[in-house]
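Per-chain residue numbering starts at 1, and chain names A, B, C and D are given in the order in which the chains are listed.
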Amino acid sequence: MQAKRNTAQLLLHCPDKPGILAEVTNFITINKGNIIYLDQYVDRLDNIFFMRIEWELEHFVIPRNKIQDYFYTLYAQKYEMSFKLYFGDELPRIAIFVSKMSHCLYDMLARYTAGEWSVEIPLIISNHPDLKHVADRFDIPYYVFPITKENKAEQEEKEMALLAENGITTIVLARYMQIISDRMIESYPNRIINIHHSFLPAFIGAKPYHQAFQRGVKIIGATSHYVTKELDAGPIIEQEVVRITHKDNPEDLVMKGKDLEKIVLSRAVQKDIERKILVYKNKTVIFN
Amino acid sequence: MQAKRNTAQLLLHCPDKPGILAEVTNFITINKGNIIYLDQYVDRLDNIFFMRIEWELEHFVIPRNKIQDYFYTLYAQKYEMSFKLYFGDELPRIAIFVSKMSHCLYDMLARYTAGEWSVEIPLIISNHPDLKHVADRFDIPYYVFPITKENKAEQEEKEMALLAENGITTIVLARYMQIISDRMIESYPNRIINIHHSFLPAFIGAKPYHQAFQRGVKIIGATSHYVTKELDAGPIIEQEVVRITHKDNPEDLVMKGKDLEKIVLSRAVQKDIERKILVYKNKTVIFN
Amino acid sequence: MQAKRNTAQLLLHCPDKPGILAEVTNFITINKGNIIYLDQYVDRLDNIFFMRIEWELEHFVIPRNKIQDYFYTLYAQKYEMSFKLYFGDELPRIAIFVSKMSHCLYDMLARYTAGEWSVEIPLIISNHPDLKHVADRFDIPYYVFPITKENKAEQEEKEMALLAENGITTIVLARYMQIISDRMIESYPNRIINIHHSFLPAFIGAKPYHQAFQRGVKIIGATSHYVTKELDAGPIIEQEVVRITHKDNPEDLVMKGKDLEKIVLSRAVQKDIERKILVYKNKTVIFN
Amino acid sequence: MQAKRNTAQLLLHCPDKPGILAEVTNFITINKGNIIYLDQYVDRLDNIFFMRIEWELEHFVIPRNKIQDYFYTLYAQKYEMSFKLYFGDELPRIAIFVSKMSHCLYDMLARYTAGEWSVEIPLIISNHPDLKHVADRFDIPYYVFPITKENKAEQEEKEMALLAENGITTIVLARYMQIISDRMIESYPNRIINIHHSFLPAFIGAKPYHQAFQRGVKIIGATSHYVTKELDAGPIIEQEVVRITHKDNPEDLVMKGKDLEKIVLSRAVQKDIERKILVYKNKTVIFN
C-alpha cells in the first residue's frame, strides 16, 4: 500500500518565535524540495513550537547525508531546536515481544502482510514458545527467551544483542507480560511501545480487567504508551474505550478488551512508524 | 411527559433458586395486577437473582398499604430477599446541592420544567449565593449555607432539618464542591448522587481535569455515583467519555467536560428516579 | 476457549401471555435440566414475548432427539410460538466468502485459531485467487469461483453444492464484492452475514467511503446485517462508528473504516454463533 | 468567561502556493500584530490552502477599518483568495428559532447566561407560543409568527424585517419545525444553523427517530449543518451518535436523541461563533 518514498521527514520543537515556520519552509522550497506534508502546533502555555514537515528529495539540492548537518547549523542552533530527521525510504524495523495471547500479534502481522504498514518486522521475541505457530504462519523468526528472576539480566543481554544484530529501531510489546528492565528502556528511549489493558491512569499494574470488574466501572479501556522506567506511566499515544454493564463478568471484560487492545496498539504503532509522534514533557504531540 | 402512574414498583435481590420469578409473577397475576415491566438478571458468579417488576394497581386485590407486608411474609422471608417497594404516584423529592457552576443545575431544571422527569424539586441548597439567579428563573427556593471548617457540623445540621421538613428522598450534588459528612451520608444511604468530573477511578479528588492534562490522557470522562464515606469510591451509576488531543489545554478540558458532566449526571438521576437501580456490593445493577 | 457444551439452546418468540416464562422454565427444571442462561424481552408495542434459554442436558430426562418434538407439542402449539432449538455441542459450520481485501478474513481466522470461537470453518470461497495465501497460512481449503455476468448462475450452483457437501450452516461475506443471488439467499434465510462499509441506511451500494467523503460527514460507520433480497436492507446486527475530520481523504476513510469493518463483522458473527440473535420483522433481537 | 478581545480574525482559502503562510504571518508580524492563533490546512486533492489566523490589534499599525482593504489589495488579489475578516470584539448576534421542544433552547440559553459564549441573543422567534415561558425566564424577547401555507411568505417577510432591525448575523434553528424559504436562506448564506435529529444523510425529512426504529439501526445520531436550499443537505458541522438496542421504542429514541441534539447543536454554534468554520464545496473545514 504505502510504498517507500524518497522523502525527508523532519520533526522538531523549540521555543516559539516569529518566523520559524517561514524560515524552515523557505529553506526547503528554495533548495527545490517539494513539501508534501506540513503540520504545526504551538503550545501557548509553555510557548513551544512543534512541527512535522516532509518533502520530496528528488530535486532537493542538499545531499541527503548532509541535511542533518545543514539543518543543525542553520536553524537548530539558532532556535534552540530539538529535531529528528528521518527518510521515507528507511523503514522502521520492529521487534514484536509477546507472551501467550495472540490477538495483538495477529492484528499487527495481518496489517504487515497486507502491505498496510511501511515497516520491516525481522523477528518476534517471547518468553514462551506458545505463539511460535503464529510466527511460522507468517514466516517470521521466533526467538524464545524464558525469563526467571535469576536469569532476567542475562536473557535481556541476549535479547539486546539480537535486537542490535537485526538493526531494530522500535520494540512493540504486544501483550508481553514481563517488565522491561531500565537498561533496555535506556537503550530504546521512547522507542518501546506498550499496550496496557486499562484506561490509564486507572488500574495500573496487574489484572486491570479484574480491578475494573471489582470497581464496577461502566466503561473499560485500553492505552498504548511509550515505556519509561515508571510502570505504566510513560507518554500516552492512544486510548480507546468500550461500554460494559453489570452483566459483564471478568471474562467478558477480557473478551471485549481484546478488541480494544489490538486496535489501540495498532493505531499507536501506525502513528509511530509514520513518524508523526513527538514526545515532550512525558506527553505526546501527535500530528495529523 | 411521564404522568404519575398508579403502579407498584418492586426491586429485589436474593440467592438464585428455581421458581422465584414464576412465583413472584404469579403472585401479581393471580391477584389481578397487570404487569407492565419486568427485567431480571442473574449474577452467576455470586448466584444472586435480581429483579425489577412493575404492575398496575387498579384492579389489584391487595390494598396498596398491605403489599409490603404481604410480600415480606409470603416471599421475602422464604427466599431471603432484600426488596424495596415504591409506588408510581409517589414521586421522588430531590434537593439539588450546588456551588458556583451552573451547567448541571440548568440541565436538570430544564428537564424538570419540560416535564421529562417525574419528580419534585422543592429546593436548592448552596454554600454560595452565586446561583440564586438560576433558582429564581425557575421559581425554586434557594437556601445558602456557607460552609467553613468551624461551622460545617452546625450548618449540615440545619440542612438536614430543612431536608427532613421538605420530605426529601434524594440528594443530587450538581458540582457541589464540599465533602458531605458521614452523618449525612448515613441518613441518605445510596440516596445521594454525585457527579465527579473524571473517569473514575482515575483522578480522584481535586482538579481532575488538571490531573488529566498533566498525565496527557487522550480521553477524558465524567462519573456519577452514589456517595459513600470513602471519597469518590461509591457505586458507579454512569460514565461517559470524550476524546481530546494534545491541543486541548486545561481550560478546554473543563469546557468539554461540562457537557459530559451534565449528561452523565442527568442520566444517573433519571435511572434513579425511575427506580431502576439496585446497589449490590458497592456496584450498581441497572435495569433497562 | 469455549469448549463444546452438552446443552440445549432454545430461542423463541410468541404473543405475550402471562405464564409462558414460568411454564417453560418449569418444564426444564422438573425434567432435571439445569438452566445456565435465561434472557427474555417483551416488545410492548407488538406484545411479543422473546426468550433465549440454555440448559445442561447431562441429567435431562427427555432424550435430546425428542426435545424438539416434546417442546412443539407441549408449548409451541399452545402459545403459537416460533422457536429454534440448537445444541451446544453441534457447532456452526461457517463458509467465509472473500474478494481481495484481507482484514476481515484475518480477523476471523485469528479468533478461530486462538480458540475464541466455537465454530468450524471448513472452507473459504472467493471470486479471486488473491487471498489464497491467507487461507494457506491457516491451512483452510480455498476455492476460487470467478464470477462473470455470464457464468454467475452456474458458479453459484457449484458453490451451493460445495456448501451442502460441507454441511455449511452459516455464510459470512467478509468484504465479498459480489451480490448474492436470490436463490442462494433463499437457501440460507438469515444465515448469510454481510459487512457493509457504511453506517446504514446511509450510503447504500457501491463506494460508500467515497460517498461519505463527498457528503462531508463527520463520522463514518460500518454495519453488519443478514442478507435479504433487497440490497443492504436486511436485519442489522451490529454497527460501529469512528470520528473523522475534513483532513481525512477518501483513502484515510478506507483505512479507518477497515478497523470498524473487521470489529463489527466479528462481533456480529460471534453473536450469531452463540445463537443469541433472533430475527423479527426485519430487525434483530440480540440477547445479552 | 470569554471576554471581548481586541483582535482581528481572518479566515481564508485559496489555491495552494509556496509562501502564502509565510507572507501572511509576516504581514501581521511586521505591522506589530501579535499572533495568538494560527491553524492551517492544505487539501492536497484539490490543492487548496485554508487558514485561520487571529492577532491582537493593540499595537497593530494598520487601522482596523483599513485591514480589509489592505489585505485585499496586497494578498487576496495576488493569491485569488476568498477571505473573511472578523473582529473579536464584534460579537455575533443570534436569533434562535424554536417550535415546541425546549431542550436545545435551554441548553443554549444556559451557556449564554453562564457567560460561556461570546454572543448576543437579542430575540427568540417561534411559530408557537409554547416556549414563551422559557424566554421569559431568561428575559429575552419572544416573538410569535404562526405559519400557515397561506401566510408563510408574509410572515417570513416580517421575521426578516425583525432580524434586520436587530442586526442579526446568525440564525439558529433549535428544533424549529418549519422549512425555511429560499429567500431567507439567500439572505443568510451559511449563516443559518440547523439541528437535524438523525445521522445524516440517513433519515432525511420528517420523523427520523421513527424511521430509525423501523429500520432497526443499532446507533442513532444527530447532525448540525448550515441550511441550504436542498433539504437537510447543507454543509455538515458536527455529528454525534449514541448506541441503542432492540429494547428501545420510538419514544426512547426521542429521549436519547434529545441529549444528542442539544450537544451537537451547541457544539456547532460554538464553533461558528468562534469563527472557526470555513465552508468549501458544501463541506466544512473546522479549525481547532
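The definition used in the following text is that a residue touches a chain if its C-beta (ideal position, glycine included) is under 8 Å from a C-beta of that chain, and two chains touch if they have at least 3 such contacts.
From a predicted model like this one, the values you see are computed outputs, not experimental measurements.
Asker: Going by average Cα coordinates, which chain is farthest removed from subunit C?
Answerer: Farthest from subunit C by mean C-alpha position: D.
Asker: Give the chain pair, either B-C or A-B, that is connected by more C-beta contacts.
Answerer: A-B
Asker: How many angstrom lie between the CA centroids of subunit A and subunit C, rounded to a whole number?
Answerer: That gives a centre separation of 36 Å.
Asker: So what's the Cα centroid distance for subunit A and subunit B, whole Å?
Answerer: Taking the average C-alpha coordinate of subunit A and of subunit B, the gap between them is 42 Å.
Asker: Rounded to a whole Å, what is the gap between the Cα centroids of subunit B and subunit C?
Answerer: 38
Asker: For subunit D, give me the residues that contact two or more of the other chains.
Answerer: Residues 44, 247 of subunit D touch two or more partner chains.
Asker: Going by the contact rule at the top, pick out the subunit A residues touching subunit B in the complex.
Answerer: 41, 43-45, 199-203, 215-219, 221, 235-241, 245-247, 249, 282-286
Asker: Subunit A touches which residues of subunit D in the complex?
Answerer: 18-19, 21-22, 25-26, 29, 35-36, 38, 40, 42, 44, 243
Asker: Could you list, by residue number, the parts of subunit D that touch subunit B in their complex?
Answerer: Subunit D reaches subunit B through residues 101-103, 106-107, 110-111, 113-114, 116, 134, 137-138, 247, 255, 259, 263, 266-267, 288.
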